[in-house]
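You will see chain A twice below: alongside chain B first, and alongside chain C after that.
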Partner chain A sequence: MATTLKISAASLAALFAVLGDAGRRILGPAEVDGRIELKAVRTLAEVAGDQIQPVLSAKETAFPRVERLLSYRMAPGKVELQDYDPEVQPTVLFGLRPCEAAGFNSLDAVFNWDTRDKFFNARREQLTVVGLSCTQADDACFCTSVGGGPGSTKGSDILLTPLPEGGYLAEILTERGEALKDLAPALFQPANGEDKEAMLAKVEPSFEHQGLAAKLPGLFTSDIWAEQSLRCIGCGACAFVCPTCVCFDIQEEADTKQGQRLRCWDSCGLRQFTLHASGHNPRSAQSERWRQRIYHKFGYFAERFGGPMCVGCGKCSRACPVDMNLKEHLTQVYEV
Partner chain B sequence: MASTVDPLPALSEHAPRVREDSSDFFGADPMLPAPYRIHKRRQELSDTFTLELAPADSSRSLAFGPGQFNMLYAFGAGEAPVSISGNPANPATLVHTIRAVGPVTEALWDLKSGDVLGVRGPFGAAWPVAEAEGSDVVIVAGGIGLAPLRPAIYHVLNQREKYGSVCIYYGARTPADILYRSELEKWRGQFDLTVDVTVDRATGKWSGKVGVVTRLVARGGFDPSQTVALVCGPEIMMRYAVKSLKQQGVANDRIYVSMERNMKCAVGFCGHCQLGPYFICRDGPVLRFDRIEPLFEIREL
Partner chain C sequence: MEALRTKAKELLAQGEVQVVIGYEAGTAGVRRPCFVRTAESAIRLVWDTNCIGNLAGYLTRPEIKRFGKPAIVANNAVLRSLLQLVAERQLQQDAVLALAVAQDGVVTELPTAQAVEDYLAISPGGLSAADREKMEHLAQLSREERWTFWQRELERCIKCYACRSSCPMCYCGHCTMDCNRPQWVSVPSHALGNLEYHTVRAMHLAGRCVQCGECGRACPVGIPIHLLTCYAEESVHRQFGQQAGTRAKLDYALGAFRPDDKESFIR
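== the complex of A and B ==
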């Protein structure tokens, strides 16, 4: 159903007003205290242009860091349970990089695996992803090693790609993308054989993810996991910024009469993640937690869902306080 | 960088799911517990107790497969995964035997008859009681590992004619730690069952067997080539029990173990219970041994 159109910079700016009038919330990468973050914007001018990508991922628009699952009130011999539906709002995620957009495919797979998660899906159904192809990359980027690319359409409803002559190529990829375009069809023009690749960043592949997955079963007892994770301090920042990490904890906030249950982001890199009430911890060393992270993302998940649970965005490497670079570590594993 | 581990088995070989039994439950929000009222609380051991539960606001019965578990929710403290230990032929009463070891199970310990707790489930894969029909059945349990196996024992006894020889081998730390003692004694009095109990440490007036449960397995009482073995207990005990069963000649694809991991969501989202490629909440807790054998030999997963 994909159709390829064009949109000028002026028309794109006009589209923001149309979206606002149509009641859409627009979230885009913008500067906040010197950092690039995803925030509510009203105009194209507010969107940060010259940047690789925000520190945090867009996953929290569908999978917030804290979600209230239920609350309850206790009376003698009785408990009243209160169920919740998340408050949602039609939202356009404008200017997500193709890696981040692809991250939603991983989240969709997990939260609809064999039980549908109502919280995630209610939020997700309200999202329209307008991707923006990359014209620059940095040392942390490795999308082309994990099945993506600076102009990949995965996960986007519309993908915009900057053109040398100004304006953007606009690939309308899904029904949601079509619906967004139909709010202002006159702003779009037919494409005319423009070269999508002209402005795209060059990201050289560092490894090949199927080959990496094939290596893993034989490396389970290898020393490489301890060597790579010696400097890991187990802070969990990598999972916190990751567009595909989905592990969560469930926490209780309660007094003797009432309380609520909250779902909060968690990380397999944290020691408490696997700790049993008995004190037994099946993954007691950081190297085992690092190994689990790599095996889950590139082995187990890939086998279950057909591709890695990683989009090569490099957010984890940029956020890591001890400079662990995922691309370099994966390349090292691949080359064993 | 030595590579000593066999490739992991393909995920397509997962044990069959039993979740169809509870389709009524999964039509609703699986994260929302149903209120259950405690009808009876029985002290089993110094740190172990049994709760009998029924729905607080409906008469629905919770059909379950032997070996499946529920998330039990102590309001204000949190949830813990606990295997069902009642009779699957009587799903109207939900029975859980619990050892108080952490904040949640200690909060459950404090509950009294008439109190309300939350239940989500049943979750997970069951013991292969249907597949075992026509075979000898060897049940090897250690400590509180007998609780998740009791529904399988009830099932086999309910349909005794469908199975060959049935052996129950149980090991406890001391005589005071023998779970379901009066039931074990009753089963031991039946002519169509082999029941044997051993303790690690004899205390009091114990004049029964002393030693690890694997020694009971070595005494046989079953035809290894026609046996399905169900094993549950501490991981170290399961490791040696499996070794002993294999020495007797039981094939590793006819041995089943029930695994324990930290769990939060119980529906395959939260990531906590992963053991290699498996989610214990969904692919387990009961796993066919040949599927996890490569992982079982390695400490720390």
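== the complex of A and C ==
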């Protein structure tokens, strides 16, 4: 399926107009009050250039922070139930970094593992991911330690890689990518053997994820979790910015006559996550919650789905108020 | 910085304290909390102008309390928090040894709340010039404009609770936000849920906020939420003439009753 083409910057700008005319919403990293956020954009010029990635991940486009699942109204002698189909529109996620694009593979696995989640899939099916290879990385990045890379094609429908002479290599990777290209095939030209690798940021691997996963079962009672988590303040910032964290909580907003059921992001780092109605909490200390986060991502998930639930994007490390640098902590665990 | 390391080493070696809560070098020049428990590891401690985080939140955390008596590397925000924690009976008067470090690196030991009070009387600190400017800007807006400003800011809130978790005064083991029988505050991070959360939090910090700005710094999506708690605090200061983080004995302005209250409705 994969074919490698080229697109000039002018043609890419023209593609934005074509996408707009075709009724596609385009979301891309844009600057808002000095922050980089994933925003609706109409032109390539609105897309922020020199930046690593937005604070929040793109998972919200398929797994929003609040999803209404159903509502109900009680009338004398009966209950009226109302189902919902999420309101979605065809969307192009433009300029997603390869790590974030790969994050969708983890979400797909979880939301289709036993039940096909109606809400997630309805949104996900409308997404076309146009990834953008990284030419720079920072101290939080560790994609190459978890099976990804600055030019990895995983999760993208089209992957663009900036070329030194201007323009981009455009790898058309999936049918969705093909369909997007076919909206304006004349904007693309054949590639002629450009060296993609030479363009990419250098991200040295810090550890090896299979080795890390193999190590975890023997470390459950290690002191390392308590030591690492001493400064963790127990908020949910890491999980909420994470492109692969999927935990949610079901909230009922109701009065005596009517209500609605909402699915809201949740985090294993929060004390209440495992608090039982009895008052007992099987993960009562922050060290246990930190350990769970690592074991879920690099142990349990890997056992079930064959790879880690982490793409090494570093969003958690950048968002953490107390610099719980995940790469640093994982390297430490790997080297025990 | 050397004076601080030497002092920490000495305190730990002599057993005067069991842990020194301070800053160490983190990712890309960031200064992050660290907990030094042996004289040999005092070398981890750093002190420079990047040490802006408020470490006082750790003083009430069970994981840290179990180490024994703490010393804490203290900027002025830490010192104000310490006083307020004593005022709210979360710490004993002499439970913490504060190590105030001056610009020139000189370390002053402040073993009691009284010593902290005396030290702060000379240089209280408070809101940064940039925050003061933002507060004044907000105060000049019309009520409608302020409402629009906060709606726009709070729209980004993802309810990760980093603001609450980073706040030294949010020490409650069971927060109102987490009560679900009954559910006082709407949980989802939709418009109403976010508004209720931040308004309730600001109200709970009115008269208690030490204006360290930690909640605003902690916010991953950059909401200047400390401006809201600081505003509530200053409102209490204006109306009740007392300020959190200035005295070790301080009644909670919104909870204390005096027979000579100037308002007639309460008598």
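Throughout what follows, the second predicted complex is superposed on the first by the 335 of 336 C-alpha atoms of A that agree within 3 Å, B and C clash if a C-alpha of one lies under 4 Å from a C-alpha of the other, contacts with A are read in each partner's own complex, and residues count from 1 in each chain.
To be clear about the criterion, a contact is a pair of C-beta atoms (placed from the backbone, for glycine too) under 8 Å apart; a residue touches a chain by one contact, two chains touch by 3 or more.
Model, not experiment: these values are computed from the prediction.
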Clash or fit: how do chain B and chain C relate after the overlay on chain A?
fit
Of the two partner chains, chain B (first) and chain C (second), which one does A:Tyr334 touch, if any: first, second, both, or neither?
neither
Touch check for A:Tyr300: first (chain B), second (chain C), both, or neither?
first
Looking at the overlay, what does A:Phe207 touch: chain B (first), chain C (second), both, or neither?
neither
Touching A:Asp249, do we find chain B (first), chain C (second), both, or neither?
both
For A:Arg283, using the defined touch cut-off, is the partner it touches chain B, chain C, both, or neither? Pick first, second, both or neither.
first
Is A:Tyr72 contacted by the first partner chain B, the second partner chain C, both or neither?
first
Quick one: classify A:Pro321 as touching chain B (first), chain C (second), both or neither.
second
According to the contact criterion defined above, which of chain B and chain C contacts more residues of chain A?
B
For the superposed model, what is the least distance in angstrom between any CA atom of chain B and any CA atom of chain C?
5
Can you list the residues of chain A that meet both chain B and chain C?
249, 251, 285
Considering the complex alone, what residue numbers of chain A touch chain B?
69-70, 72, 74, 77-79, 81, 83, 110-111, 113-115, 117-119, 217-224, 246-252, 254-256, 259, 263, 266, 268, 273-278, 282-285, 288, 292, 295-296, 299-300, 303-304, 336
Using the touch rule from the top, collect the residues of chain B that touch chain A in their complex.
1-8, 10-11, 19, 26, 29-33, 35, 56, 75-80, 101-105, 114-116, 118, 260-262, 264-265, 267-272, 274-277, 282, 294, 298, 300-301
Touching residues on chain C, where the partner in the complex is chain A
26-28, 30, 32-35, 53, 57-58, 62-64, 158-162, 164-166, 178, 186-190, 193, 214, 217-218, 220-222
Of all residues in chain A, which touch chain C in the complex?
33-35, 55-56, 65-66, 138-140, 226, 229-231, 233-237, 239-241, 249, 251, 253, 262, 264-265, 267, 270-272, 285-287, 317, 319, 321-323, 325, 328
